[in-house]
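Scrolling down, you'll hit the structures one after another.
One chain, chain A, appears in both complexes that follow, with chain B as partner in the first and chain C in the second.
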Partner chain A sequence: MTSNLETADNPEQLERIVIEPLTRVEGHGKVTLLQDENLHIRQARLHIVEFRGFEKFIQGRPYWELPVLVQRLCGICPVSHHLAAAKATDMLVGATQLTPTAEKIRRLMHYGQTLQSHALHFFHLCSPDLLFGFDDEVRHRNIVGVIEDNPEIAKQGVLLRKYGQEVIRLTAGKRIHGTGAIPGGVNKSLDREEINYLKKDIEQIVQWGQGAVELIKRIFFEQLDYHMSFARFDSNMLGMIGAKGEFDIYHGGLRARNADGDMIFDHVDYTRYSDYIREGVKNWSYMKFPFIESLGAENGWYRVGPLARVNNCDYFSTPLAEQQRRIFREAGHGRPVQASLAFHWARLIELLYCTEAIRELLLDPDISGKDLLNRGALQHCGIGVLEAPRGTLFHHYEIDADGIVNKANLIVSTTNNNQAMNESIRQVANSYLDGNRLSEPLLNQIEVAIRAYDPCLSCATHAMGKMPLEITLLNENAEIIDRLEKRVTGEIQRCSS
Partner chain B sequence: MLQSAANPDLIFTWGNPSRGDDALGPAIYELLQNEDLNGVDLLTDFQLQIEHAVDLEGHRQVLFVDASLSANPPFEIFPLQPLQDASYSSHAMSPQSLLAVYQQVYGCTPPPAFLLSIRGYEFGLGLPVSATANQNLLAAFNHIKRLLDVTQSDACTDFWPTGT
Partner chain C sequence: MSSKNTFMLDGVAIEFSEGDTIMDAALRSGSYIPHLCHNPEFRPHGSCRVCVVNINGRQVSSCTQPASAGLEVDNSSEDLVQERRNLLQMLFVEGNHVCPGCEKSGACQLQAVAYYTGMLSPQYTHFFPQRSVDASHPDTAIDFNRCILCELCVRASRDVDHKDVFSISGRGIGSHLVVNSPSGKLGDSAFAATDKAAHVCPVGAILPKHRGYEQPIGSRLYDRSPISIVGDVAAHESDDQGDTHGR
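Now for the complex of A and B:
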């Protein structure tokens, strides 16, 4: 299943093109392309060039610090780490079941997080590509350009994100790095005033969620062939699923389907993830390469995140999202939708689901309950898994008798998509770069393919970076023969050697 | 829609507390939280994002506070204008760009805004705030307190420098 562009036969004889760092993704990564004298792409790799080793830092810390500590992994999706760690520590403290209030408050927090994350990604980071086209003039291809040309859409993006942040603030206690989830439950529920505050705008938020899905469908169907074929390749899909096969991003079993949609495994207890998932390493990247063990590294890699989740689930429990899921699945003609750009479409269906799920929870009296905690006997091992905005997130801890962490393993969403992102750039390189002179719009197509995954490279290697873009061309003697620099201001400058 | 301003003035700091001198913004926030402030909303975050335009609404004036690698020590303060500067990278939204988003979203001029840049030196992951940056931090903190003394005694006074 892996394409043949991972490693060239004779890399020393090829011209090297480096896209570094990637823009409009979180963290610091670079893409290298090796091009031969006839301008054919011979090797394409997404490199993750920073290393932080967060799993090591955690060791030696008491387990009750974990939900607060690990969210420092990332300023972008801290709630996902907060909740995954909280789920793991539930297991450590023997809380086999949360109280209804605790589970619903956590779900509310998670839906708020997913709503704001998806809103930022679509309206801020990706809509410029989709609304203006990939070869739009670079200074226009940004959020300010979106606002200028589509003021209402941009405003909705801002306010959808703001609403999600407010849900987080009220459930987690703070806008970022909150403390709401604790081992065995939560430390607060919502009072009447807080519920009314969120209720006030929820109908508008649901309506905008519907509008967002209609927008992406319009964009998609305007150039359906192109959007369905750009960076398209077959892959397995992995994600969490509810007990009845429903879409669930907070709790459930693991489901994996192959490229035809056939089940590889289903409703797997996530605490047994290591029986099903293995993590490979490659000497050219700090990011691991997970795969389904039964299929092996070559054929067992998979995609996670919105595309996998919407393909994998049997239904959404909310009516508007379910209606949109059916339309989405029709585009696959009986198979899972495999187009990388369909991530955007799936992401907005999830955004709509979150708005509906928040609306339902705001009507549920449990969210103002007072029964917040459950505890049992302390356990040696705790595993928490959930569906973060970018995909399946695994937190696994082991503690000693004093409650001190002595082992930690984190598989973050972007890591799960590592091989798939590499496949995407190879597909784009093959389709759009091969035989062409390189230019900024062409190179942007590679970034567009990566951005579809909404990768959080800071999570994946646990470091954050700056984001200018540099493209360097080297000849076979490693001499710089050309360099393009895109600064953080969006300015592009060609630097001659 | 959503939360509205509780007080006339807003001080908005940002930075990553885990990245050495990038913590100067959040550190100012911590110091100000311990002060008895009237008429001032305090906010902090890791980075500026589009939704922060909503936080500006309803305020008479805004003081942004951030660490800077290029400011003259101990700090600089200057007024800001909305600017569509294409700082579209997700970590790099500038306060000027945020003001431009405000202008577009609300269709009106944003509140007067100023940026106080505290000189930092080391931004490595896991580093503490450097000793020199700490001195700059205290100088900036004292300056903000003086500004607040003036603005709180005269509601018409803005954050624009009094002797810097």
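Now for the complex of A and C:
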């Protein structure tokens, strides 16, 4: 299934274009394109400098620190790491079953963070492309433009995110670097006052969640062919699934379907993930390329995240999201929806689900329960897996008899999508860039394809910050012949030499 | 009589008894002088220097300075507070004190004193010393990264437990805490979790195992009130001795 733009035959004779760093994605990465003298794209690669030092850093630390320590892995999605590590430490302390209060508080925290992450991604990072088009003027194609033209949409985006952050703050103790989930449970539940505070706005939040799905559908159907074909390719889909096949992002088994929707495996106990998933390496990238072992590296790569999850599940347990899932699946005509831009659509259905699931939990008396912890005998190995906003996240630790970590392996969501993101930019390069002199709107299409995955390059690289875009056109002697710079302000400057 | 046995601390008269240090008298009167290595249960040590005060333009450690009648003691001038911040800065960079990842955060005396004096982030270059965690004991772990060499555990183990489990080895910047046992490991020593030495560490260096972050943010020792009101970590050690381990 891998397309042929991964490696050009004679790269030294080709012009090299570097897009670095990517804008409006989290973290640090770059894209390199090689173009020949006839302007044909011959090679396209996404490079993410993955930081593996973290697994070393936590060696020698006590296991009970893990859920808080690993949050430092990423400033963007600390709660995902907090919860995945907490699940792994549950296993370490022999907690095979959490108390109802502990599980529900953790779920609440997880739905809160997924809500805030999805809201941030769609409204702040992607709505400019989708509302104004990829070739809209750069100066305008950003969140400031959205606030000017669609103040109501911008406001809802901000408040949806804020609500998610409040859920995190109350369940984890803090908006970032919380400590709520601990080995075997949680350290607090919610009191009356906290529950009432969250209940106050939840109806409005669910309504805005519905509005968000309606908005993306409207955008999508306005140019259906284009949105369904942009960076579209067939892939396998991997994700977690509840015991009855329902959508579940906190706990369950692993399910993988092929491009036709046929099951590759289902309800796999995630502690056996290493029997099913391998991490491949390529000589041109530091980031691993995971694949489904039974299919091999060439055909076994897959997509994770909202697109995979909404395609994979049999149903949503909440009515509004389920209604939207059906409409979504119809767009696939019996097969999983494969369009890369459908990630946005699926992401907002998930956002809606999170609002409904939070509403349900706020009515559940267990969230103010007092039975917080459950522990048994200390175990040597702990594996925690959950569906982070960006996709399946694996945390795997081994400890010695004293409780000190001596081995750690993490597969972050963005790494799971590595091959798929590379595939996406090759599709775009082939369809839109080939034969053209490169311009900002054309290069933005590359970024649009990558942004659909909401990659957390911060997770994968442990670097932070949004930086200006730099595109460099090099000749075969590595001399710069053209350079395009996009400042943080959106200002564009061409510096030809 | 009372005017005879008083000195002035920032303009407030403090009574003292024969043999008191400035720190003793201040603590008894409820006046706070920041400190780390001092614990009224043990003989003063004068090593952390955080309790420095000004007497007639001379800087002295209040935990070792005998009180005497008529002294004018400055505990709050900007110069003095700056001096304390500098001392705290050094303590922070000499070890590996990473508050966001530390389970003692919010209940740590080093952090609380830093807040109290307004030391917000270290300016000196971090040493990043290579230190380890000793978790060989079934109930208690030592994270040497966070040791500030206050010697309270040394004093407690020697003077109260009569076990001499801990000593300081090396000199100057090479000083470090060692465990007196054949292997150098705590699990191999006479240490017990019920020892006094297990309950005097002002920072997150000597900690009960398996507990981690069981105490939620918001209900930790210094979450609601500053150390000048709450007092030392060791004074509250018995508050949170509930058996949460192995529930």
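We take it that the second predicted complex is superposed on the first by the 491 of 497 C-alpha atoms of A that agree within 3 Å, B and C clash if a C-alpha of one lies under 4 Å from a C-alpha of the other, contacts with A are read in each partner's own complex, and residues count from 1 in each chain.
In the analysis below, a residue touches a chain if its C-beta (ideal position, glycine included) is under 8 Å from a C-beta of that chain, and two chains touch if they have at least 3 such contacts.
Since the model is a prediction, treat every value here as computed from it, not as a measurement.
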Would you check which partner chain A:165 touches, where first means chain B only, second means chain C only, and both and neither mean what they say?
first
Thinking of the overlay built on chain A, is A:285 touched by chain B (first), by chain C (second), by both, or by neither?
neither
Tell me which partner A:120 touches in the superposition: chain B (first), chain C (second), both or neither.
first
Who does A:173 touch here: chain B (first), chain C (second), both, or neither?
second
Counting residues of chain A in contact, which comes out ahead: chain B or chain C?
B
Which of the two partners, first being chain B and second being chain C, lies in contact with A:65: first, second, both, or neither?
second
Which partner does A:375 contact after superposing on A: first (chain B), second (chain C), both, neither?
second
Return first, second, both or neither, reflecting whether A:182 touches chain B, chain C, both chains, or no partner chain.
second
Chain B versus chain C as contact partner of A:204, first or second or both or neither:
first
The shared contact residues of chain A with chain B and chain C are 72
What does chain A use to touch chain B in their complex?
23-26, 52, 72, 75-76, 116, 120, 123-125, 128, 138-139, 141-144, 147-148, 151, 154-155, 157-159, 161-163, 165-166, 175-176, 197, 201, 204, 463-464, 466-468, 488-491
Within the complex, which stretch of chain A touches chain C?
60-62, 64-65, 67-69, 71-72, 93, 173-174, 177-180, 182-184, 187-188, 373-375, 402-404
Where on chain B does chain A make contact in their complex?
1-3, 16, 18-19, 45-47, 49-51, 53-54, 84-92, 97, 100-101, 104-105, 107, 125
Using the touch definition from the top, list the residues of chain C that touch chain A in their complex.
100-101, 103, 132-133, 135-136, 141, 143, 187, 209-218, 244, 246-247
